[in-house]
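Shared chain: chain A. Partners: chain B in the first complex, chain C in the second.
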Partner chain A sequence: MIYLQVLANGLVLGGLYAAIAVGFSLVWGVLNVINLLHGSFIILGAYVAFFGYALFGLHPFLSAPIAGFILFAIGYSLQATVINRVIHAPVLMTLTLTFGLDLLLNNAMLLAFKADYRKVVLEPPLGSLFFGPIVLPLDRIAVMILALLMTYGLYLLLRDSKLGRAIIAIRMDQEAAALMGVNILQTQAMTFAIGAFMAGAAGSLLSIIYPISPLNSITFLGKAFVICVIGGLGSVGGAIVGGITLGLLESLTALWFGPEYAVPISFALLIAFLAVRPTGLLGRRGYE
Partner chain B sequence: MRTLAILAIVVALFTALIFGGNYALRLATIFSMYTTLALSWNFIGGLAGYPSFATAAFFGLGTYASAVLQSSGMPMLAAWLLGGMVAAAFAGVIGLAILHLKGHYFAIASLALVEVLRELVNINDQLTGGGMGLNLPVTQGGVTQQALYFLTAMLTLAVLTLLSAGAVHRGKFGFALRCIQQNEDAAVMLGVNARLYKAAAFTLSAVFPGVGGGIYASWVHYIDPSDAFDILLSVKPLVMVLVGGLGTLFGPVIGAAAFLALEEAVWRSFLTIHAAVLGALIVTLILFLPNGLMSISRRRLKANKT
Partner chain C sequence: MYGRSFKFSFLAGLLITSVVPQLSFAQDVIRIGAPLPLTGPLSPEGIKQKQGYDLWAEVANSKGGIKTGGKNYKVEIVYVDYASNTPRAVQTAERLITEDKVNFLFSPFGSGATKAASGISEKYGIPTVAATASSEQVYDQGYKFLFGTFTPNDTLTEPLSTIVTKRDPNVKRVAILARNDLFPLAIGNEMEKSAKKRNLDVVMFEKYAIGTMDHASAITQMRAANPDWIFATGYINDLILIRKQMSDLGVTAPIVTMIAGPAYKEFMDASGPLAENVSSAAWWHPAVRYDGKGVFGSTENFNKVWEQKYKDTPDYAQASAAAAGEIFQLAIEKAESIDPKKVRNALADLDTTTFYGRIKFGPTGQITSLDPPVFQIQGGKPVVLFPDYIKQGELKIGVK
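Moving on, here comes the complex of A and B:
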């Protein structure tokens, strides 16, 4: 019986994880940039929700798009002014650059918001659903549904919009895309901005589940790594599969060994996946 | 320019040793440690061109291995060396598993090593003290005497690392690594045993930080997981090498000195924003000086010639 509860917890968590990772995966897959800012983007989104609720009584679900657009603007300008300058440099350069940018952003957040852990406490609380012995907190269910909707929205955007097709075209063959009239620089900036949007919106959603602080941006970044590698890089499906796998894995490890084992086991799994099956569960190399 | 920089560093070191002052001794010890880390990273990151973030894993492993060995009664020097061996063995084995990865995938795998080891140390609190940290046996002697002793140890390690780096740079080994960096497939075609050389470079990049971690632990008397496995220990050496010049022999030494000078200046005046300053330094470096400080003089030479 306990396994049903663990399964439910894992699935609920997995939906949120998919939304956390999908933007990271998009940027990695299309731009070939590992965006180490992603964790701080998520936290910044969560702070938008926190202050929106504390100051204006704005429900975190409503501030999610606002946080998304704030991060969208930040992401667009970062990519257009800084990251694009080194986008063709070796991996070491782009990785170190985003690390440096993350130090800047994270330090700024520490100064602005302090290191205290904060959480949006909804008044009144949403309560829980009971299916026989299984308890499902409603706030988590709502977050999962919204996160999955958001992820599905990204999928539709990539599949049906002109911008989405341009992004996919760049991912497949940048030179050919340029020859077909795709504005490479602008599309790359839009890609990074969309990745940041997803991070900000997901951050807003998780502010009602997790306590947030600039200090735990690294936790969410780590989860994004694991999800991308396990699920397979650069596709929406990969992020969902990876997210749900990580959600289930964390719930099961917590049950079997204790919650403190969740991080080492998920990272050990990441290394094992990289060593044995670097294409992830969905088995597609990159986005192709 | 390069000779001048090296000369300046040597003079500064000797001044620190002779005229002492515990602050100067401390700085010289940290400089030796940074040099060791930067030179070590250069084996895998500079010469072979593999973006490793595992330095903190090796350092932390050496730190904890030697601390645990010492608390079970092993003499200090033996514990340091064994700490280095543990780090090297770990790198050799794990290297065989992850060195076939390229680019981002290798970077992520090496980064994950740090996280896994830190959490494992956190969990096994019977052995390691967990998040409470671990106290090391107190060493004999006065403050200055101890400071001198650990400086000598760290400096010896740095010199040994530099000597090995020199041997590697001049020998066939370094040549093979450079081939791998430029075009691994071509190198393999020409009969370079890339798998072996990469694993050897990864092991070399682990053994010195491992020993250095052991010395560091004895020097500061107290270690905890977030300190020993600090991800900045992976990033700083890489920044130093970028400052000094990727894949060069003396670049890491110069980079370590420049980095330490900047770090001290920043720590002293802007404690709350030192991470941001480090971030700004990294961003400036990558955007404007991707070939390191030494490229300035080279560029000027070129400008003079034309």
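Moving on, here comes the complex of A and C:
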């Protein structure tokens, strides 16, 4: 029976991991920008939820779109004014740039919010669902469902909207997209902004689960990186498959070998995928 | 001729005005180096230590500085950020001694970095006070210049175990979940020893890696082990998450102990009602009462001065840092000199009381005179259960 509980834990955790990674995957896959700001974007979204709840009693599920739009604006401005200037430079350049921007944002958050760990404590708590011996925490289930809905929304946007098709076109062939009249710089800025929106909204949702501080932005970034490599870059499905694979793997590893091996095994898997299947489980196909 | 003598007088005057005040300034200042993790993952701890040192320096200077050998010395603390990187902590300790020419040193944060940097202060013969290192392995290296304000880890688990087994003899099964990190793992190991010493059954002892974002599997195993006493160690973010996931997965126990999160107000704020009845232990608590001989005087006065400056209640790490400064001051004044060897001997012979408690170091340099308080969160506030002379309540059974 313990296996059923651990599998349930792993699936729910995988849903949270997908929420963490989807924006990162979009930006990396489409723009070829490894956005090292992603972890700080998640934390900033979580702070929007924390202060929204503490000051105005706004439920984090309601502040998620607000956090998303705040991050959208920040993301668009950053891409349009700074990142677009080096977007065609080798990947190391954008990596260094986002690293520097992350240092700025992270230290600004440390100054503004301090390093103390905080958490949204819901009153009353959502509680858990009991199915015989299986327990499912409702807040995790709710966050997972909302994150999957958001991800599905992103999938529809990419599949059915003019903007979405432009993003996919840029990813497939940037020169051809430009020749077809796609405004490359603006579309790239929108892509980065959508990635930031997803990070901000996910951060807001995750604030009821994880303690937040600017210090744990690196933990979220590390997870996003591993999930994208496992699942495959630039696809909505890749983030979900990568997230659930990692969630299940960490849970089962903790059960079989002990919790101390759950984190090392995820990074070992990252190395294995980079060596054997660098395109991830779903490869680069997904949006098309 | 006039021109040459004028030039000479001018140059001599310049030399006197520029060098002499510097010499006298240098002689009137005691510089204490403080390598701290002011950025990176350990920065909350580093900032807490800095607050303690800053307050001590401010209060000491406002009272005329350190009086020794017929002079009054102003205190200056030289901070260097080692960015939570232990090898860099060792480098900064050496830099503070060789380039910044500090007279004395505070250790970096925690047992690991303190042990790593202790060889440097020993090499140069610089008296060093460690404010946040408890593991005995830090002090058993035969070093003469290292002194620490935390008692060994078993001084936390032993009184806890005595209180729990006395209060509820039905507690038989203990589950331990420890962060795989020097201090949290050492505390977990001490708990295992304390439990076995009392014939308690350690039904689970699992470690989790630094950076773990999910404890569900470990807690599921814990639930299957059906413990009477859950003992979790780690830092504040780990323990907030563990406590939350215990509740998520419906894990309850008569006794839940967590070290070191509940000693901080952030734990109570971030855990809300889940913090209720969680027990813990730390090396100091604002409820202790000592009539100190140092610049802070009594514990009540220290709490008051702290709250005036920081608008918050001090925790054990902040208090220990302030006490480390006060201990240096008492030793330097007793030594009647700032000579490192004389100050080292004064530290070794020190037997006095501060707001932090009685200060007497054992032969290894680790303090032996403290009774670390055991406490439990009751009604949203920490209530001291031990030692008896500051006891505020009884251990409550049952954590939901």
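As a convention for this text, the second predicted complex is superposed on the first by the 282 of 288 C-alpha atoms of A that agree within 3 Å, B and C clash if a C-alpha of one lies under 4 Å from a C-alpha of the other, contacts with A are read in each partner's own complex, and residues count from 1 in each chain.
Throughout what follows, contacts are C-beta pairs under 8 Å (C-beta built on N, C-alpha and C of every residue); 3 or more make two chains touch, one makes a residue touch a chain.
Predicted, not measured: the structure shown is a model, and the values here were computed from it.
S.K.: Could you tell me whether chain B and chain C fit or clash when both sit on chain A in the superposition?
M.R.: Aligned on chain A, chain C clashes with chain B.
S.K.: Which partner does A:F61 reach: the first (chain B), the second (chain C), both, or neither?
M.R.: A:F61 sits against neither chain B nor chain C.
S.K.: Just checking: does A:F69 make contact with chain B only, chain C only, both, or neither of them? Give me first, second, both or neither.
M.R.: Neither partner.
S.K.: With the two structures laid over each other on chain A, which partner does A:A268 touch: chain B (first), chain C (second), both, or neither?
M.R.: After superposition on chain A, A:A268 lies in contact with chain B alone.
S.K.: Just to be sure I read the superposition right, which of the two partners does A:Q5 touch: chain B = first, chain C = second, or both, or neither?
M.R.: second
S.K.: Determine, under the contact definition given at the top, whether A:Y117 touches first (chain B), second (chain C), both, or neither.
M.R.: In the superposition, A:Y117 touches chain C alone.
S.K.: Given the touch rule stated above, what does A:P211 touch, chain B (first), chain C (second), both, or neither?
M.R.: In the superposition, A:P211 touches chain C alone.
S.K.: Thinking of the overlay built on chain A, is A:F51 touched by chain B (first), by chain C (second), by both, or by neither?
M.R.: Neither: A:F51 stays clear of chain B and chain C.
S.K.: After superposition on the shared chain, which partner residues are touched by A:G222: those of chain B (first), chain C (second), both, or neither?
M.R.: A:G222 sits against chain B and chain C alike.
S.K.: Answer with first, second, both or neither: which of chain B and chain C does A:Y155 touch in the superposed model?
M.R.: After superposition on chain A, A:Y155 lies in contact with neither partner.
S.K.: Would you please give the residues of chain A that touch chain B in one complex and also touch chain C in the other complex?
M.R.: 107, 110, 218, 222, 260-261, 263-264.
S.K.: In the complex of these two chains, what residues of chain B are touching chain A?
M.R.: For this pair, the touching residues of chain B are 45, 49, 51, 94, 97-98, 100-101, 103-105, 107-109, 111-113, 115-116, 119-120, 122-123, 231, 235, 238-239, 242, 272-273, 275-276, 278-283, 285-287, 290.
S.K.: Across the complex, what residues on chain C touch chain A?
M.R.: 39-41, 43-44, 47, 177, 180, 206-218, 220-221, 224, 236-237, 240-241, 244-245, 247-250, 266, 269-273
S.K.: Can you list the residues on chain A that touch chain C in the complex?
M.R.: Checking each residue of chain A against chain C gives 2, 5-6, 9, 12-13, 107, 110, 115-119, 121, 123, 125, 128, 130, 135, 137, 139-140, 209-211, 213, 215-216, 218-219, 222-223, 247, 250-252, 254-255, 258-264.
S.K.: Using the touch definition up top, name the residues of chain A that touch chain B in the complex.
M.R.: The contact residues of chain A facing chain B are 28, 32, 34, 82, 85-86, 89-93, 95-97, 99-108, 110-111, 218, 222, 225, 229, 260-261, 263-264, 267-268, 270-271, 274-275, 278.
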